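Lettered A, B and C in written order, each chain numbered from 1.
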Amino acid sequence: MADERRFLGPPRRTPLAAILAAAGGDGGGGAAGRVFEGVAPLDTASPAQVSFCEGRAYKDALEQTSAGLVLVAPDLAGFVPAGSIAVICRDAALAFGRVAALFHPVPPPSGQIHPSAIIHPDAVIGEGTEIGAGTVICAGAEIGRNCRIGPLVLLGERVVLGDECIIHSHCSVTHAVLGRGVVLHPGARIGQEGFGFNTTADGRFITAPQLGLVRLGDAVEIGANSCVDRAALGETVLGPGTRIDNLVQIGHNVRTGRGCVLVSQVGVSGSTTLGDYVMAGGQAGITGHLKIGSKARIGAQAGVMNDVPPGIEVLGSPAAPKKEAIRAMLVLKRLGSDSRPAAKQKPE
Amino acid sequence: MADERRFLGPPRRTPLAAILAAAGGDGGGGAAGRVFEGVAPLDTASPAQVSFCEGRAYKDALEQTSAGLVLVAPDLAGFVPAGSIAVICRDAALAFGRVAALFHPVPPPSGQIHPSAIIHPDAVIGEGTEIGAGTVICAGAEIGRNCRIGPLVLLGERVVLGDECIIHSHCSVTHAVLGRGVVLHPGARIGQEGFGFNTTADGRFITAPQLGLVRLGDAVEIGANSCVDRAALGETVLGPGTRIDNLVQIGHNVRTGRGCVLVSQVGVSGSTTLGDYVMAGGQAGITGHLKIGSKARIGAQAGVMNDVPPGIEVLGSPAAPKKEAIRAMLVLKRLGSDSRPAAKQKPE
Amino acid sequence: MADERRFLGPPRRTPLAAILAAAGGDGGGGAAGRVFEGVAPLDTASPAQVSFCEGRAYKDALEQTSAGLVLVAPDLAGFVPAGSIAVICRDAALAFGRVAALFHPVPPPSGQIHPSAIIHPDAVIGEGTEIGAGTVICAGAEIGRNCRIGPLVLLGERVVLGDECIIHSHCSVTHAVLGRGVVLHPGARIGQEGFGFNTTADGRFITAPQLGLVRLGDAVEIGANSCVDRAALGETVLGPGTRIDNLVQIGHNVRTGRGCVLVSQVGVSGSTTLGDYVMAGGQAGITGHLKIGSKARIGAQAGVMNDVPPGIEVLGSPAAPKKEAIRAMLVLKRLGSDSRPAAKQKPE
């Protein structure tokens, strides 16, 4: 914990009453004046710390915790040890987020521009925005208010960032319009040319015109070293609230609706559209020019080569509807585990 | 479109005659003086704009377009609406590229070196080359003429770049010799040590000597955040015209011929050689020390564990020839979709 | 070789006696005064150069080599041509590494801090440490002795680096404690927020608290553009000597033991633990909250969805024990290669 505190600084001491208010939960009657000193997981929390139980899978850890206070769903309240205060919340994980912010509030952007940042005189920087060392902001860029731009970032010519964006170190943003509260983790690449070319009669590749842009909706988050290519013509769009993990590839002219979730190392090829709240597991691949319906779910490592209707879950490579894919996997597993040599399994 | 114009600037107004000359196509008789104002996809183009039809899959969009002029292959000319000028080209996509460049010409490199760039006095920079803010160029580097080096790039000691290279922001290039017209997209990593080590008797890993280099042929393009490792001994080589998408891994001592195409998130392990014009779909993996013949085609997500003869298409993981792989997938699909429980499918 | 020498500089001329001493091998009787001029692979080495034979797979190259001296295992000594000196070593690859370092010694860090580096006055930099151009080191960072920090690196607030770390260009390190001799290749991302969020009643995603850190043990190596996320609470840990290739994803709260090896484009999801000496092939994926036992081996492109016991090898997606997975692959291959139409294979 010593090292953890190294990065967070000392937690703010916080009384039970404030915790209850933030958690929106009930409990702790008669101890409203008690003060807590930080947050920790169930298995390491001390009597001075607050923890939470994510779900039934953590029941054992809950029963053995030394935490002074545990945020917990109603159905698990009975497992909180006698020495802990149980605060009952409808969604303990969400409540824990609000409580943790009491102990470790995120400071607002400093509004300071590091003297080594290289900002073109024709760029517009909103009030309260912080800009890190060595960052380069080009002509015509328009940066909103209260943004936090890390060190060694490139914001290209005429890019637009809404208010309260957070752009971490080493990101590049070109040919892009970002909404409010967009977060780019380190090394994200937004707005570079897509992978499109034509072949001449003598076999040379000529880049197709890459003239479009990237539009990121409000509260979009893009993981470290992920890539979102600009459209060939028109726009590559990630809808509001969409969250993309690290090392994900988004091809040119891809469009997503709101609240899509793409886990690490997913790849979406050019011109594919995703509806709202589509989820794709790690390393899944979706080929180009497909339509993935809203709330479709794509399994980890799935290879999607056809449209997916709304609400459907697909697995496997090539991807198939969940039931069918699982049945095929079971058959294959049976064939593989059969004790007889494979060659003998052939029906007569 | 307002935002698209934001990044492109206003298109140059271009007369029909110039468009015909660039397209190398026929059409528009009697309207040679008509002037156009930009390019757009079929579905959004206005009567003042030029569009193109990529192929038969876009026939419906073609029939409904409002574009003032459409570049189109001979067999689709009959579907161009009455209000549009049909310009018939053998390859409409290639022609469109040339026409789009009339409206949106790419300005030549400025030849300016940003005062914040850190260039070692022993580096040689060719005439006309542009160097971005915060870029670091080390001793002994030799940069050709009319290159465009973006901001925050590292060009390491003694690297060589041919004329007209384009190196986008945040790239690192070390231990590498680049031909003419090489393009590196943001965050590409060229020339770092490969993943090679030996194990001591007591179980420690010792890095094997990584003494070689990377050689990129003329007109090679490498996508954003892709990695090409230097050879252990000798050279890692990408042949002329080879195009590599984003987030691709090229291991040490890999060698490709000319015109290979590796789509996003492909991985090629150490010492594998590819012939000319090999294509690999997204997320395919090729293990080390293999030989992939010229014009071989490797499907998306394929896992190649054996040599592939020239001209062969392989699919699946482990990869098999296309026909065999598809038959296996169909069998598996049938087994999966069978209505009877899996356990009953076992032959008697 | 001319270009190779370009990056290495001229090799130091080295007498046989020094080579024998470094190799810990026997051979070359009577030629102790002979001097060599470099190292090269078997197929290109000249009589003035030293080479080595990695194993029986290279027997043909060994028999045809022109190398003046070959480091070779006892069982291959008989295949060294008459014109070459055979130096017999228990582990020729390890010996070659030591010998190559005689010809191409790595110079120690220069101890120079480039004047363009931006180092907060509250950062502590150890003696002998070299810092590259444009690098940013934040308040409270503690950097050990004899480290080599490349250009355009970010070392965030209060990070800790042990002695003799090598951090290549464009890396970002935040919320992290690094042991001694850690190596980060270009563009590695260490310590950013993980991919964790909760969903509000109205469908918005709220980032879960990301308050933990990354701990990298002594001699850990991380490949180019790989990502290691900080823990939500507690620590993400890579044990001593663990080696990670390029473009690998390590989710928050992952923990590995010592000496794990993860090949390029592997992904390990949050909270999974790996024992000691676990190996995962390229593009393998491991889902979250699993336990992978020590010395387990995970095949390339495998999809691991369940715990793996110690010492077990698994293959395929979903991953199964090697024997079972191979049998299933063979059955599938047979089904795919069968000449009869798939529909007729159904048992009666």
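Everything below uses one rule, namely that a residue touches a chain if its C-beta (ideal position, glycine included) is under 8 Å from a C-beta of that chain, and two chains touch if they have at least 3 such contacts.
These numbers come from a predicted model, not from an experiment.
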Shared interface numbering between chain B and chain A [over half = same, under half = different]: different
When chain A is superposed on chain C by its C-alpha atoms, the rotation angle in degrees, nearest 5: 120
Chain A and chain B: spacing of chain centres that average the CA atoms, whole Å: 27
Residue list for chain B, restricted to those that touch at least two other chains: 134, 152, 170, 187, 225, 247, 265, 283, 301, 317, 329, 332, 345-347
Chain A partner contacts - residues on chain B that touch it in the complex: 3-4, 6-8, 39-41, 44, 91, 93-94, 96-97, 100-101, 104, 114, 116, 132-134, 150-152, 168-170, 185-187, 219, 221, 223-225, 241, 243, 245-247, 259, 261, 263-265, 277, 281-283, 300-301, 317, 329, 332-333, 335-338, 342-343, 345-347
In the complex with chain A, residue positions of chain C that touch it: 118, 134, 136, 152, 154, 157-158, 160, 170, 172, 174-175, 177, 187, 189, 192-193, 195, 197-198, 200-201, 203-209, 211-213, 215, 225, 227, 229, 233-235, 247, 249, 251, 265, 267, 269, 283, 285, 287, 301, 303, 305, 317-318, 320, 324-332, 334, 345-348
